[in-house]
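Below: a set of structures, written as structure tokens.
Both complexes shown next keep chain A, but they swap its partner, so chain B is in the first and chain C is in the second.
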Partner chain A sequence: MPVQFTTDPLPITNQGERHVPAVILVDISGSMGGIPINELNQGLIEFGTALHEDSLALGRAEVCIISFNSSVQTEMSFRPAADYEAPVLSASGLTSMNEAIEAALDAIESRKAEYRAQGVSYYRPWLFLLTDGAPTDNEKEHSARTRLQNAISNKKVVYMPMGIGEHADTGKLQSYYPNDAQTRPVLKASAQNFKEAFVWLSQSLGVVSQSDPNVSDQVQLPPTPSIITVGI
Partner chain B sequence: MIYSGQTGITYILESQLGAGGEGIVYSLYGNDQFVAKIYKKEKFHSDSERKTMERKLKTMISMNVPVALDGIIRLAWPQDILYDNHVMAGFIMPKIETTYKLFDIYRGGKNSVRAKLYPNYTWKYAAQFAYHLAWVVAHLHSRDIVIGDFNQNNIAVDPVFNTIILIDCDSFDITDPKTGEHFPCTVGLPEMLAPELQDVGSLSKGHFSKESDNFSLAIHIFRLLMDNADPFGGIITVDGSASVSDIPANRAIVNGECAYVRNVPGKRIPDWSPKMEMLPGDLMKLFKKTFYYTAVNAKRKKNNRATAKEWCDALKPLGAPEPNPHLKTCTHNRLHVYPAHNKTCPWCRTQIKKTTRISKRHRRYRYLLAGVVFLVAAGTAVMYLQGIHPVTAVQSWIKEIPTLLDSSDDSSDRSSEVLKETNAEETNLSEYIIPDSNSRYLTENDLEGLSQDEVCLARNEIFARYGRKFRTDWIRDYFLSTSWYEEQYEPDEFDAISNDIFNEYEKENIRIIVAYEAKMGYQ
Partner chain C sequence: MSFERKDPFTADYNDVLEKHSDDRDTEYVDRQEDVKEEMPAAPEVEAPVYGFADGISFWAFSQRGESHIKNGLPCQDRCAVKMIENTNFLVAAIADGVGSCALSDLGAYIAVHAAINYLESALLSDQEDEFSIPKAEDEIIGDLLRGVMKFAYDEVEKAAVEMEQLLYSLQSTLTVALYDGSTLYFAHAGDDGIVVLREDGMLKLASARHKGEEASSVFPLQSQNTWQFGKVEHTAAFIMATDGVLDAFVRNAAEKNRIYYPFIEPILTQFPKTVEEVKENCLDYYEYMAGKDYRYTVTDDLTLAAVTNQNRLCERILPSFSMEEWNYKTAQYQAKVFAALYPDAQEQHRFAQHRQQQEERQKSRNRKMQNSFDDDFENVQKKEKKKDYQDYSDWEEKNDDLFLIILCFVFAVAVIILILFFFF
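After this line comes the complex of A and B, so read on.
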């Protein structure tokens, strides 16, 4: 199924500053219904509020939101963090996570092409992936995994998976790391209480946006909130 | 919370005003001119680190540096040390109430903080902020004080007096003038660091200096004057596959890859950026002195860098009150102010480049651009200091600073500025035959009052908005005479893709005009 674009990308602002592009990939399959989807929507609102708390980062971060269920939707194409608007998502359907991963990598590539054309420098893009289950589009898994593993190995993307609830397949989320990865961090939280993860994500982007791009492997991110555990 | 000062004065901390990476700032009971900064525990890894910080603060306080220059606060310099049970916990400093930072002045654009703060912002403001910044640095350097971590987060903007305030002074690189003890600055924002500090590994091994301050100062001034361009940025032209992030980021600073001052193979200046030649010759020269080096001679050439005093001398004429012979104002847009040696308006040029690049998409998302909310605290003010460090004995050149941005620019003449601005817009619209032929369907009524040539131009205008070139000389000459047109696409190249580019209004309006021309026998 082709990816639907509900919005066009917005133009890049502050081209003279190094940008941090981030794709937020969120699971809106049927199992997310009820409290989890409300928590997700609230998290996306608080993400926007948190972005505004760091005015240097606000001019440097760029965000794209892609959701996936039986299909993959670009809820918000890449745009400056200052123009961020939280989408309102509802849950139904299956879990096309692999297709979504490829859509996220595509979105990153096309935004990077735009950066290059305008001479905008950038930090390594972020791919934040939130799911409460396991992918159902298994036929696409090989291709998605290969692409994501390569992107991580070649330092083209920072992969930040998060599993919520008991049914999240964290082993699967970890399998998208390259085979020779030394650590495979995956964030975990209850499906009823995870929205703070988005505030943490915003703060992390803020830290990255002022870091030394030479050592982006070693950037010290803010501590994760207590509701989140980190599996390695 | 109660703390005691160096001489036993008691300070009562009231409420938290803000938190930074290494400390929390509190208001003081019964004192609205000063605040307290209490260090977080994790800032100090040992008692001796805490003791060193205490000695540094003592040294800074004993240096008697006036926080106010020309009656306006420009430094959040420590004023007293706070002790908790005889252990140094933090210090007292003047209250700085603004939340704006220097990067808010760098950043332009319709929805920017700057546009809200200064609706009539022009390049002259940029020159004046640059001057104020250089002037404060010159003052510090004249006292042998090195800033060190001289980054845009540590430079606040005072929107009442339209000047800058250096904050986070406790991170400065301080040498005790009496004992010679050196308290080095150990933090820095990588993108602001001079080449000699880029590859030291840990900054505690680096050595900040007046010269490294001069390097950061030049970057700030460059961003202010050059529409927030990165002097070491640009479009990488070597190889389509080499992404900017593949290149070790600050290698450009280490190698002196500044495409604005020298030819850097594989790199060119972005279209949206102004050209260096836009600047007066003396400013260009100062940028060259600072940014013209290579990896091989970077350290040797650090003494060549323009000093803060040199920047002051070069910038000062640009900030002088009107009529200012050093500046010109664009005839199309009163907010386009530029150095007088330019024959054409440099801002019109870059603006066209910016808009043509995005114009294709622009129409489709215009509705999305509405209203960006910035959480910016309103009601900012600056406190005068009384009694603590009277402003005395300032050197004579310090008094030369214009303490305010030109009042004629800023407030008293605002009504006429607004008027001029409206006129400027009309001038721009009048440069079109049918200004809105891209956003509504035309009717024959729109065309009836036009001559045959004007109808022809109205049709071609739809193509010209996108930068299509024209083969017919008189049509080409006409569009070249407008301020908005810029040749971009070969006619064939454009016509091949025009169907994807035009919106529905444009497609239909071309048909309407062609039909009208046929009906009138024009074609």
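After this line comes the complex of A and C, so read on.
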């Protein structure tokens, strides 16, 4: 005989309870002009479309977009994926990537503090970094690298760098991993064709949103599209 | 005193799980065999345990969760409950292996059984003096509880050393209860919990959830500085659950650990008089939690243990529950969180719409999941049919094209013949 419940034995789940914060850090320096910036803008639009196709990611993912050239700008502060609006970016200036990394880490820390204050549970935040060159703000490199390495070592952030075009310094992107990291993947794609990377990113956030954190803190991400190679 | 302990799994119980697990179990067994070559595995999850003695009914079980089945992981939950004969004490323990630790199922198994064995031998050896009811003293019990946690910790560590594995690999939570029919004492490490119903009708989560910053993190038995010890007097019933089950019916601390009473209502309102009735209640829950409806929502391993003292439990003390009030408080909390996280006025304006959309998406997702869960085979069939249909449509289109080409060709030949006829 089935158990006799007088009403629904499970309350309605609130899918927004667990948040998946993700910072997308994009290079809009002068070298991104032309096709790459168009690809980037298109990629950001497709990212939003892909998010809307995944109901759980839509309820749980929170996205923040920070761009960097000679300075660092928050294009979109953390907001629910459901309210995501792709910014339109234009390319100019230098590559203040280190300053941007620090800004992203600040944004993540501040968001986590807000979660804690509200008693909101969250998955490990993501930091997706896209660039086509090497940083020009070398004076801030040591500080940014140390902070990011510590954050990765202490499992405070998932770092996901992506170099686009042949001038991307993937070795430099890899150097932001801690030295003892078992794997140090860097995604690579052509500067003419990388917008699919954002669809993959959205799908990956969807997979994390659906994962059960009580089972494991690791998830199997979807395979990267053919236009992206993974260097380790 | 009547006392019954269930024998190992009967075919009936296995059927319940097998019906649900389908062919995924086969994959699990194969993968486990591969693992066994390299590392020791914990014994299979025990059968549900139930009993009825001196008006105290008790039962407990663990089940392998959907995520574990899907990922080929063993059940990392363990539980045990036992009435110590010749004493008036009931002991219970539950543990949940830490997901990211390779041997946490074994760690949970060792922790639970070490705790029960330690308490049993301590209670039996000292029953003549300190532990006899009503002489149980807080100080003695306190030492006993600290002793049980330390013993469980040491036993897990010893196993790790013997197997030349890191202690980290065997990490698990552990919650231990000791009940004399009125006072509940407990020792606790991790994010599992004990929900207690007192004789004055107060229903509350007695233990704290020792979670880390992220959703996946927990302070297990091995985090000694987080161990919690507690005592609840005038306890009429208590329910122990590992985090998957607990989180589904007890909201988080920010929501003041509100308890969704309908989930545990049948435990408290059955009023069993025989061990058969206790068994029935246990198996009803076992079957319900092995079913699809429950597992759509809770995908982690499942452990539930229930103890009720029928001499102290009565209609008068049962909690009242209002679904309207529950929903109102839920909405209120969500609004508060939304306001704090998205202070922008525009965002505020969108809140109602956002929530409505979220609920609709959830309903649609549930429907999708239900369909895919129920009709995997049927869907494949449908896809095949659709493919056949598409192929047929293509074929028809191709045939239409071919017909036109032939028609044109015949027309062209006819024109050429006419021209030739006029010339010659």
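Just so we're on the same page, the second predicted complex is superposed on the first by the 212 of 232 C-alpha atoms of A that agree within 3 Å, B and C clash if a C-alpha of one lies under 4 Å from a C-alpha of the other, contacts with A are read in each partner's own complex, and residues count from 1 in each chain.
Here, contacts are C-beta pairs under 8 Å (C-beta built on N, C-alpha and C of every residue); 3 or more make two chains touch, one makes a residue touch a chain.
Values in this document were obtained by computation on a predicted structure and should not be read as measured data.
Asks: With both structures placed on chain A, which of the two partners, chain B or chain C, ends up touching more residues of chain A?
Replies: After superposing on chain A, more of chain A is contacted by C.
Asks: Figure out whether A:S71 sits in contact with chain B (first) or chain C (second), or with both, or with neither.
Replies: In the superposition, A:S71 contacts neither chain B nor chain C.
Asks: Once chain A of both complexes is superposed, is A:E53 in touch with chain B (first), chain C (second), both, or neither?
Replies: first
Asks: In the overlay, answer first, second, both or neither for which of chain B and chain C A:T136 touches.
Replies: The answer is neither, since A:T136 touches no partner chain.
Asks: Would you sort A:Q42 into first (chain B), second (chain C), both or neither based on which partner it touches?
Replies: Neither partner.
Asks: For A:S153, decide between first (touching chain B), second (touching chain C), both and neither.
Replies: After superposition on chain A, A:S153 lies in contact with neither partner.
Asks: Would you mind listing the overlap between the chain B footprint and the chain C footprint on chain A?
Replies: Correct list for chain A: 7-11, 13-18, 55-56, 58-59, 82-83, 112, 115-124, 155, 211-214.
Asks: Across the complex, what residues on chain A touch chain B?
Replies: Going by the criterion above, the answer is residues 7-11, 13-18, 52-53, 55-56, 58-59, 82-83, 112, 115-124, 155-156, 210-214.
Asks: Where on chain A does chain C make contact in their complex?
Replies: Against chain C, the touching part of chain A is residues 1-18, 55-56, 58-59, 78-80, 82-83, 112, 114-124, 155, 211-218.
Asks: Going by the contact rule set out above, which residues of chain C touch chain A in the complex?
Replies: 65, 67-68, 71, 73, 96, 99-100, 211, 213-217, 243-244, 248-249, 252-255, 260, 262-263, 265-266, 280-281, 284-285, 287-288, 293-294, 297-300, 323, 326-327, 330, 334, 336-337, 340-342, 347, 350, 354, 357-359, 361-362, 364-365
Asks: In their shared complex, at which residues does chain B touch chain A?
Replies: By the definition above, chain B touches chain A via 99, 101, 103-104, 106-107, 109, 111-113, 152-153, 189-191, 223, 226-230, 233-236, 240, 243-246, 248-250, 268-273, 357-358, 361-362, 364-365, 368-369, 372-376.
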